[in-house]
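As structure tokens, here come the structures.
Shared between the two complexes below is chain A, which pairs with chain B and chain C, respectively.
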Partner chain A sequence: MSIKKYLTLTRAGIIEALQFRLSFLVMIIGNLLYLIVIYFLWKAIYASAGTDVVGGMTFSDTLIYLVLATALYNFMEMYTVWEIGRNIQSGKIVLDLLKPMEYRRYLFWSYSGSFVTQFFLTFLPTFIAVSILTHGAISFGVNLPLFVVSVIMAISINYSIDFIVGTICLYTESIWGINIMKQVIVLLLSGATIPIAFFPEPLKSAMFYLPFQSIYNAPLTVLLHGGSDIESALRLMGMQLVWVVIMNVISIVFWKASLRQITVNGG
Partner chain B sequence: MKKKGIGFYLRIYGKILAQDLKSKMSYRADFIISTIGMIFTNISGFVSFWILFKNFSSINGWSYYEMLFLYGFSLVSITPVQCLFDNNWSLRIYVYSGDFIKYCFRPINLFFYFQSEVFDIKGLGQLAFGIGTIVYSWSRIGLAVTPLAIIKLVVFLITASLIMIALQNAAAATCFWIQNSFYVLDLAFKFKDYARYPITIFSPVFRFIFTFVIPIAFIAYYPSLVILRPDAVPILSWLSPVIGVMFFYISYKIWMYGAMKYSGTGS
Partner chain C sequence: MSSIIEIKNVSKEFKVLNRREGLKGSLMDLFSRDYKIVKAVDDISMTIEPGEIVGYLGPNGAGKSTTIKMMTGVLEPSSGEILVNGKIPYKNRTENAQQIGVVFGQRSQLWWALPLIESFKILKDIYMIPDSDYNNMLEFYKSLVDIDDLLHKPVRQMSLGQRTLSDILAAFLHNPAIVFLDEPTIGLDVSMKAKIRTLIKGLNKEKKTTVILTTHDMGDVDALCERIVIIDHGKMLYDNDIEHLKGFFGSYRTLKVRVDDDLKVESEIIQGEFEDLQVTSDDEWISILVDEDKIGVIDVFGTLQKTHKISDMQIEEISTEDVIKKIYEGGVK
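Right, the complex of A and B next:
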């Protein structure tokens, strides 16, 4: 019955997330505005370029990529660093450490509820809207199951990176600075703000050896081109798998080694 | 009681500022890391900008250096909100916990006292970055450097900064009604990223919205036209100082209205 205790946390998370209906509304408005800005910006960019294909991507390719990257970002952003940092500062982390569940797992599963709500409330509607509006630019075939697996691996890598950065907070007790650095690096190097196809050459190849592109670029490439080019999709996913293992091992080992460091204010 | 003059407020501001800096300095590591984080943010913004222009030489008739000027202009004009009005982010916490009541009992302007309590030094790095960008693009475009142009630049930068301050004030003030204003603030904070593109890329409907409803076009686009296109300055550019002051005044009134309505938590 070990899975049951995790699912209880998921359920609690769903209920908690549904409490804040107003924040959902604000978030949806924010996303719409962002998408509007992106749409017009790239439209102007492609209109000025004079050619239809830049860096191997057409306007609709770029737009689908960026829209889904945003949807994926909303779905995967877990604010783990904030949570760990706040728990360290307030001392609440001591109570969490005493729970009969490993902290790393506890934190993940207490967030899993918002995965579920975000998936149904933001990712799925966006995905359906995009696939209807683009008249089948997204093919429905073997790429869909591959995409699901790829997203799960991306979540794992993203969470591990968050957890490693959160562990650094144990030493620095600085949250804002650490978190903003992580966010900036991940968003830029994962291809979430600008598709990796547009990066100039030495940078582009270098990025394929970093873990970040496995978070956004890999699942989106698998979704968009996985149907026609299974071989390179599988290669991307193999790369993801390697990073899942590496990042998980680092985050677990680093956390274990750092636990001895904790000095918490008595409370 | 006679009305207190601007000299009085400046003196008080200096005193409160000194206390705030002293308390910041006692968390030196956090300060250094946050500053590095801020530099990272600016560098990454610049890198995305540069990557875009590696692929596309101009956007909607705007050259690389003109866009760079716009970018630098927006960086400088959002510095005041970053440095001087950072306490807005904590407003919801004070209101929620009831600590806000302490501001209501001082014999000075409530809004002034609340905002003066925090000065965010991190913003100064951004200011330096922005000024550097403006100077560099200015010289590359080959615009004449005259005293009049510099006065114009300073005046329009200051009045442009009022727009972002107004948006943040109004967003923070929503917490007097809806308690958790974080999402609204976060949404308003993201507007600064949209301000760095020429408004002409949008369709007429959104041009109208971004000019009169959410006035982000006045953060950088309209005021910078005064410098960039001195031969054809639209009337809205000349009006932008007036609009800045007007929006600031409205947001101040909203903020104060909310604060006056505040009844404490009873503890």
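Right, the complex of A and C next:
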């Protein structure tokens, strides 16, 4: 198996992304606005709480977490569901299926270029800005390599979930509602919009056993606390690894079974 | 060498929900289990030899695309057997993909935002084309059509004709054994059509690529195909040389005459004289479709000359278009 045929798709994705210069600007402005909203929202929450520490997190803890979560979201969001749905509706999926490459891999690698561009254009600048502005809230040690591994596993889980939802579109032939539902569930239960520390106790432990927290909560926790508490960081990553395997198996099996739906009933 | 595509008694059925009308009907459809079976392809058999260009014709909705999708492996036949290159396509889709190229007229497989050359490079890596083969192919393309301007143009800025041309080039790039072209000349101008025909012919000749072509343009058929297969309502109507086609409904010729009087009135009179023949008229000519097995064109002309003052005449071979039209409209009896 040659890695070259996959990397060429990554390369194409990077070139493709670079064709649209203005979209970067718009995205950066959009992110800034979102971060401003988050800042004032949580400021108001902390002001009304009357204490400095809510759910074990100070205001600046929360803000650092959420800023990084937003950056991570921009970096990892793949819009796979839209892509699969659109391809099904337009019939382009037929052409993609006729590439000498398995569709699930083809789609992933077609997207991988956006990881690279988004990493350098949104995540890295945000990360640097946060670490400078907070004067060392992020430690630079073993947590960084762990974070990289953790993010890679998070991407894999996120892609598998997207792909499963995208596969559902084969049956429903509609995208919008399903995608919105997926997005809300993932963003809420993964800790991307509200840190998991804020959730009430029974829900918190339930979330620990769901795959979603492995997408945002796990890598962020590894990054922010992995330096001081390696043991729990490794436990989170072990959990991630389990979900990587489970979600990949489900998405592959579900896709194989559903492909019959296309080949039997027409694309 | 043995045949490259073998299709034996292949049928394809689709299950379609019976939709009802209106808002109430749509609401009821949500819970409906009322399916009907649509037979898109019905017991088709054919074999295709390497290097052939086969015109696969039929009216809209005849089942052409379904057959092509089965040959490419995207669809699984409901019954029957298909072998492409000795393999069952839907079971070996990814493997099969290496051996085939596909162009669907209205869709592009190219990278929308990128210049054409980038798409070619991506395809080169995906199909793992060796450098030398790739360069030879590009050189060969350059000898057939003028692609220097196209190579560095982003696909989204191309005209429809340029894009289709590019898509065809992309489909042939990995030198596949078979290329499926589904309505490649749809919506193109005359000169682009000619260019694309030259290209397909050239590639077929030089690379011995088998080409399966569906089209509604009889110009394509006349220019490219030696053999045509016609289907309608999923059933095969015709599979033979293009020469045989013309004799398919008897040996028809069209006799065209011009008279000094009003053409419409005259044509009605002629129709009255030859009740078996089909007489039509336009602004310039009265056309009489003559079946030479029954009556000679010259005999008809002789009879006409006695009663009408004919100022000009022409005899035309029946065109492929006319025959196909007759087959589509009349079916086979």
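As a working rule, the second predicted complex is superposed on the first by the 261 of 267 C-alpha atoms of A that agree within 3 Å, B and C clash if a C-alpha of one lies under 4 Å from a C-alpha of the other, contacts with A are read in each partner's own complex, and residues count from 1 in each chain.
Assume contacts are C-beta pairs under 8 Å (C-beta built on N, C-alpha and C of every residue); 3 or more make two chains touch, one makes a residue touch a chain.
As the structure is a prediction and not an experimental result, all values here were calculated from the model.
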Q. Looking at the overlay, does A:V249 come into contact with chain B only (first), chain C only (second), both, or neither?
A. neither
Q: In the overlay, answer first, second, both or neither for which of chain B and chain C A:I152 touches.
A: neither
Q. So, A:A129: does it touch chain B (first), chain C (second), both, or neither?
A. neither
Q: Please work out whether A:E16 is in contact with chain B alone, chain C alone, both, or neither, and reply first, second, both or neither.
A: second
Q: Please indicate which partner A:A206 is in contact with in the superposed arrangement: first for chain B, second for chain C, both, or neither.
A: neither
Q) What's your read, chain B or chain C touching more residues of chain A? A) B
Q) Is A:L188 touching the first partner chain B, the second partner chain C, both, or neither of them? A) first
Q: Return first, second, both or neither, reflecting whether A:R260 touches chain B, chain C, both chains, or no partner chain.
A: second
Q: Indicate the residue numbers of chain A shared between its chain B interface and its chain C interface, in ascending order.
A: 20
Q) Contact residues on chain B for chain A in the complex? A) 27, 29-30, 32-38, 40-41, 44, 47-48, 51-52, 54-61, 178, 180, 182-184, 186-187, 190, 194, 197, 201-203, 206
Q: Flag every residue of chain A that touches chain C in the complex, lowest number first.
A: 2, 4-5, 7-9, 11-12, 15-16, 19-20, 90-92, 94-95, 97-102, 260, 262-267
**Q.** Complex contact set, residues of chain C against chain A
**A.** 14-15, 66, 69, 72-76, 90, 93-95, 97-98, 100, 102, 104, 107, 109, 111, 113-114, 118, 121-122, 124-128, 154
Q) How about chain A: which of its residues touch chain B in the complex? A) 20, 22-23, 26-27, 29-30, 33-34, 36-37, 40-41, 43-45, 47-49, 54-55, 172-174, 176-181, 184-185, 187-188, 193-194, 198-200
